[in-house]
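In the two complexes below, chain A is the common chain; its partner is chain B in one and chain C in the other.
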Partner chain A sequence: MKIGVYICHCGSNIADHVDIEKVRETIGQQKDVFLVKDVMFACSDSSQKEMVEDIQSQGLDAIVVASCSPKLHLPTFREVARRAGLNPYKYIQVNIREQCSWAHSNDHKGATDKAIKLIEAGIEKAKRSEALEPIKIDAINAVAVVGAGIAGLRAAIELADMGTDVYLIEREYFIGGRITQWDELFTTNQTGREIITKLYHQLISYKNITLFTGAEIVETSGSVGNMEIKVRIKPRYVKPDCVFDMDKFEKAIEVCPVEVEDEFNFGLTKRKAIYKNYPGEFPEVPAIDHDHCTRCGECLKVCEGIDLEQKEEFINLNVGAILLATGFDPYEPKEGEYGYGQVPNVITLQQFKRLIELCPDELVYAGRKIHNIAYIYCVGSRQQNGPNRYCSRYCCTAAMHTALLVKQKYGDIRNFHFTRGIRTYGKQEHIYHEALEQGDVVFQSFNDPLCEVGEHNGTAVVKINDFLTRGKPMELEADLVVLITGMVPRKNNTIAQLLKVPVGRDHFFNEVHLKLRPVETVIDGVFISGASQGPKNIMESVNSALAAASKANNLVKKGFISIEPTIAFVDADKCQWCDKCAQVCPFDAFEQVDYNGKQVARVITSLCKGCGMCLPVCPEDALQLHNYTDRQIEAMIEDLAKAK
Partner chain B sequence: MKMREPKKHYDVLVVGGGIAGQETALNLANLGYKVALVEKDYSIGGKMILLSKVFPTLDCAACITTPKVSETARHPNIDVFTYSEVEGIYKQEKGFRFTLRQKPRYVTEDCTGCQLCEQVCPVVVEDEYQYGLVGRKAIFIPHSIANPRIAAIDIEHCTFCGLCENVCPPKCIDFTQQERVDQVYATAVVLATGYKLFDPTIIRRYGYGKYKNVVTAMQMERQLVPTRPFNNILRPGDGKVPDNIAYVLCTGSRDVTVGNPICSQVCCMYSTKQAQLLMGALPMADVTLYYINIRAFGKGFCEFYQQARAMGVGYVKGKVGRIWEKGNGNLVLRYEDIETGEVAEAEHDLVVLSIGILPNKDYQKLFKNVKVDQDPYSYVKQIDELTSPARTSVDGVFVAGTASGPMDIPDTILSAGAASSETASYLCKVYKEIQPSLS
Partner chain C sequence: MNDIKPKILVFSTEKISDPAIDLAGLLKMYYPATVYTITVPCSSSIKPRWIMHAFDAGFDGVFIAADGTDCPYSENCTENTSNIVKQTQDLMRQKAMDTARLKMAAICSVCSEAFVRQIKTFYDYLINQKQNENA
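For the complex of A and B:
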């Protein structure tokens, strides 16, 4: 057997602490080692080229690269083997960077000895490696996009453009998500609704997009390439085939006797049990809120399009991948946090945005005409003592932009910003500039809380020790206090729980790698986008949605997916079907089948991830993992344990 | 040498082989499109391949760039042209015609990267890949992880002594090489032309270029990479290991006096990262950042900034007005200390200028009969910023990465993802019109 061994310096990463020369000499004396070389960067193109040439000209049967963690370069060197005509699974990676040079940077001899040992064990493994072929599974060229906010809408349109069928699933009765609640947006001054109107018209022109509103995924099964999802659709109580007559629906809304708090306006207004959030909302058909409707039947008298007998429906869909665009929740301040809920006229930025739209001529809140506005930043973000350590990124610019708008719209306004340091990054800086130029006043503090909000004769009073003026105590009587609330992860995110999407320290969805794979998750076929992955402004959300769309399209469009063949396999003669493997498997990859008249376990290839959890629990030793076989592992241990 | 013969027609021309260009090219190539990736430099990888570790995860930049670089270089659907230029892009009814100019490196592709030529070459000039910290020869390999890893002759400085020709084992030096010019077509164009670094000599008050111990953050970055030139952190003036380092943030950013009023979006974080790396490399050193606002806004950034503070990195809110040198090479910074409200002075033995990023305006000269609109800061204008961020004013021309404005690596990757998907959609539509059977 001819084995080639390559020892990587990784610049100075390995060579600083491991004596490469000694490693090379020792390994060269090993039986079956046909050639051994050291290289500056094994991953560099020239080294890869050299390996390909060696494999071909020397007829190597297996190669071992001693470099970094296989997490980083396993695919790189497998590809090298493949290009050279060697089966990629005849390649073994030994990690002498993280496990030797970095871990033992204070012990060069120890690090060197350990590197030699690990490489020798790797050679033993390579000798017993099997040639494997990737497993191909069918993929359905369809993607479920969850959430029809700006990210979901853009991802859906883009996927459809690239030739993938889309099921766009929105939990609310209306599409558009958070941006419909915002009028003018930075940095283009388009309104949220303008954008959503444009996208909706685009959306409905596609034959390969199916939109579900009032819909939620309640069950998922299968795996990448073929996932089955069960969608629950709440009744809208409107006949799907009715002749749509908006006047009659307007009449129905008028006669409805039920009034509830309007969550679209964050409680600033009331709405009926049959409602639309705003005129011109999409889909155009109003919906009846099941929880509040009293079934009085008043609406039926004026509008024949209504059907109170509708029941919820369940449908099953088959998709190749799922793209999550479930967005965020605005942070909800606690009772008393900066006077919220206790001091009069303290509202959140989200409410303020609604208020501006509801006040066409003059800015009035709770009967009071507003002149002095205090904006308190980082509410629910950058917490020193709370769980949200992160910055919500969009809010500084959003607040400054809003301050510009109110002054433009109502004229007689004075803006006071209470900040932790303004983060209008990039080109957004000009918005901050404009705010300063129009005379806005900025205070800053590093204290926690940032400032105090009290009350004096029915007026809110904000106190701060201002860092910008040597910590001088300042006091402001504000007609309105606006809490600049950040983004938090969605509370009721059923789909995330169903799919077991991992979350990071900040509790937003976690990507595989922030730079290499920012829209993918560790669950194959589940992509994340927009603010569900972390706070983002609109442009950033759309960028991430489009990036996710291209990855999802790339995965499913070929009609098949190649998956790793390093999965578990069952020795059916030994297996007695005790169910233990099925119990520990985190991917439900075992099924019970009949084998020569007895019940045995079988591995479902498309589900097994090769994690190896099942191996130690098998009492019959009937389970093994391809390329981590008992034969290989035992040979490695024996070699590691042998005395020098 | 025989330069690469381009195909007559590509689906996409990607201008720029930095991470934005590579990511876009790879995404599109994986979807089956033929891509021409044109890079004006000797190596692909852009600026990221030259960085040490990258925030906020502290991944080794070389380790996460090289796999992408070699994947790009090898991809069967991507033709990479390094040391090449695109000129005269002419928009036609369907697609674009352009001139591809491959310039001679005077070394053929048989080069094995053995570097024997470098050892014998008698000419030493400033090494632009080490940002002038050290010298290089007139025949040189740009840097240790360059791709392709082929030498090139800097013909401006070469004395034609012929020593390299004599030692080269594969005999791959060829002074007769000529440039190769081709007319090529592409259906769509992606601009991934990146950014330029601010030149701090403009701010004379900071003394860059005059005081040797005032360096740029990019020079510090090169000192921190695994293949660092000095194998240690040294100040250039006298080779002393510094123990009290200052960072001057917003050098060339948020500064109307130098014509760049906007924030560069990356300097707060790269300075914070360098400060953390320096504390690892020089455990006894003090590191102080002079800043206006710390913009730690991205995923994991704020936590990373808090970690630096906890490690003992000093953060002083105040703009540095002036820097002057003392006899021993140390530097005195005069700054406005916001906390005390006083003008103060502090002495440091090394000053790092956290230089900002500026638009690379080269894209403006690329087109012949159409104009790609620019934004007020001369970046490529995104004509539908909120819903189609990769679209430009020219139908079929898209933008990826920092060509449209300052951004960090994670944002660049997302922007490149958006450019890929908008370009792919565009191609689908165009090909459907031309040949309905294809779709």
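For the complex of A and C:
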């Protein structure tokens, strides 16, 4: 076997702490090492060309590159091997920088000895490496976008524009998501509804977008490239071919005897069972709330467009990828948390935003005209003792912006902010200064809880030991206490379980890598975007939606997909089909098949993600992972253990 | 001067603990040079036979830098990796080996400080054990 070894100086990063000459000499004496070279920068164009020439002219069977972390240049050198006609999996990367020269720059001898052992172990792995071919599977150029909020709408439009068919699936009867609940938005002062209206008109101009409302994915099968999804569509109870006459629907709303809490206004108002959340909402046709309608038939008497006989529908769709834009829920404070639900006039930021819109002339809550407003920040975020350790990012800006708006709209308002330190980052810092300039008062504390909310003669009283005045106790009588509540993951997150999308410790969707692969999940073909992956403001949500749309389109547009061949494989002779591998596999990648008259496990290549969780559970030791075989791992162990 | 330099094999994971170990190097957070890493996709993929092979081949300690709750593959990773440790410890007991020679700790992708702290503590423990054996 002919192995070529390349030892990188990385300028002085490696060479200053590792005796390269000694390493080269020692490695050159290894059996099967046909060629060993030290290079200034292995990743440079000239070094890459030299490697290609060596592989071709010397007929190398495998190469080992000892340089930096594989996180940086694994794809670079795989491509070098491919260009030279060598199977990319016959190249092994050895990390002698991050895990050797830098980690032991205080111990040159130790670093040199370690570099030698690491390279020797890499050679042992290379000797046992297999030529693997990427697995190619057909891909349907269609993407299911789940959630028609700002992120889902932007992603759908972008995908359609790039030539991909889109099925946009929205659980609610209307599109737009959370931002339709907010009036004016920072920084443009456009309203959420204006933005959604614009996007809806764009959306319907694309023939390759199909919108489903009141719809939810209930089953999935298949894998990347060809995923079959079953969608349940709730009846809207409106005839699809009716002549739309809003006056008649208005009458139907008027006569409907059912009143329920209006979720759109966070319980501040009631709505009917037949409803629209606001007049310009899309789709334009009202919907009848399946869960609350009593089928009394009053609406039928005044509006012939209604059909109470409609049934739930199920449709099957085939898509190449799925893009999740399922958003967030606002944090719901616990009973008694900063007086919520116990002290009068304590509401959340989300309720306050709706209240402002519902009060056109003067700000009134529970019959009381509001002058003094206390804003308590970080409720449900940055918890010192609770599960939500994260910062919800958008709320400082949203609170400051709301405080400005409320003063502009009603005039006679005094704002008092109770904070843990304001985080109006980036351009949003202007808004903080604007609020200070208009006379808003800011208190700060790092205590948990931040302050106390009590009651005195029917009025809420907020007490804080203010850090900004050296811990001086302050007390404020507030007409209204607004809890600045952050973002939490969706309560109903069945889609995550269906698709087996991993969630992080904060229970938001988990990306493969926060910085390098921020919209991909380990489930091939499933992308995440917007606030479903963690707190984000609208700009950040749209950024991630566009990134996810681009990744999804790039994956399916070619008509085929190449997936990593480093997956599990079964030794059918050893396997006795005990089902343990299938039970532990998070991706359902095992099936039971017949082999020479006995039942054995087989890996479904398109579903296996190469995690290797199945390996240790097999009682017959019949499972291995390509590129991490027992022979490779044990040979590396033996070599490393020989170190003095 | 202490001549005892225990050899530790670290099983780290591509996406989670390996970046932390890389970061420790980048930040020059020194740890002993007789600590060697083999990277695997997930800490739940480590076979007990590999760990036992490491002890048989001459490693003084094996450290599993586990994915913990950050595992991108499964929420059950912590439990699965713990099972691997338990199974291996059973094998170690059968051979009358000190089960503390196998250590597991969750190392997140930026937990370089935790990694170095854990490794140093483990290294010191192994030195003490060797000194006791030699005494």
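Here, the second predicted complex is superposed on the first by the 487 of 644 C-alpha atoms of A that agree within 3 Å, B and C clash if a C-alpha of one lies under 4 Å from a C-alpha of the other, contacts with A are read in each partner's own complex, and residues count from 1 in each chain.
As a working rule, a residue touches a chain if its C-beta (ideal position, glycine included) is under 8 Å from a C-beta of that chain, and two chains touch if they have at least 3 such contacts.
In this text the structure is predicted, and so the values were computed from the model without any measurement.
Participant: Considering only the touch criterion stated at the top, classify A:R505 as touching first (chain B), second (chain C), both, or neither.
Facilitator: After superposition on chain A, A:R505 lies in contact with both partners, chain B and chain C.
Participant: Of chain B and chain C, which one contacts the greater number of residues in chain A?
Facilitator: In the superposed model, B touches more residues of chain A.
Participant: Is A:H104 touching the first partner chain B, the second partner chain C, both, or neither of them?
Facilitator: second
Participant: Applying the document's definition of touch, where does A:P518 land relative to chain B and chain C: first, second, both, or neither?
Facilitator: first
Participant: Have a look at where A:E309 lands relative to chain B and chain C in the superposition and call it first, second, both or neither.
Facilitator: neither
Participant: First (chain B), second (chain C), both or neither: which does A:K71 touch?
Facilitator: A:K71: touches chain C, not chain B.
Participant: Based on the superposed arrangement, let me know which partner A:D291 touches: chain B (first), chain C (second), both, or neither?
Facilitator: After superposing on A, A:D291 lies clear of both chain B and chain C.
Participant: Jot down the residues of chain A that show up as touching in both complexes, chain B in one and chain C in the other.
Facilitator: 504-505, 513-514
Participant: Which residues of chain C touch chain A once you look at their complex with the stated criterion?
Facilitator: Checking each residue of chain C against chain A gives 7, 9, 15, 18-19, 21-26, 28-34, 36-42, 44-50, 53-54, 57-59, 69-77, 80, 83-84, 87, 109.
Participant: Quick check: in the complex, which residue numbers of chain A touch chain C?
Facilitator: For chain A paired with chain C, touching residues are 69-71, 95, 97-107, 110-111, 113-114, 117-118, 121, 502-505, 510, 512-514, 521-522, 566, 584, 586, 609-613, 615-617, 621, 625, 628, 630, 633-634, 636-638, 640-643.
Participant: Inside the complex, what are the residues of chain A that reach chain B?
Facilitator: Contacts found on chain A: 10-13, 40-41, 43-46, 48, 68, 72-73, 75-76, 83, 150, 154, 158, 161-163, 185, 187-188, 190, 195, 198-199, 382, 389-391, 393, 421-430, 433, 467-471, 504-506, 508, 513-516, 518-519, 533-535, 538-540, 542-544, 546-551, 553-554, 557.
Participant: If we count contacts the way the header does, which residues on chain B are in touch with chain A in the complex?
Facilitator: For chain B paired with chain A, touching residues are 27, 30-31, 54, 56-57, 59-60, 62-64, 66-70, 73-74, 112-113, 144-145, 147-149, 225-228, 231, 254, 261-265, 293-303, 306, 317, 338-341, 375-377, 379, 382, 385-390, 405-407, 409-411, 413-418, 420-422, 424-425, 428-429, 439.
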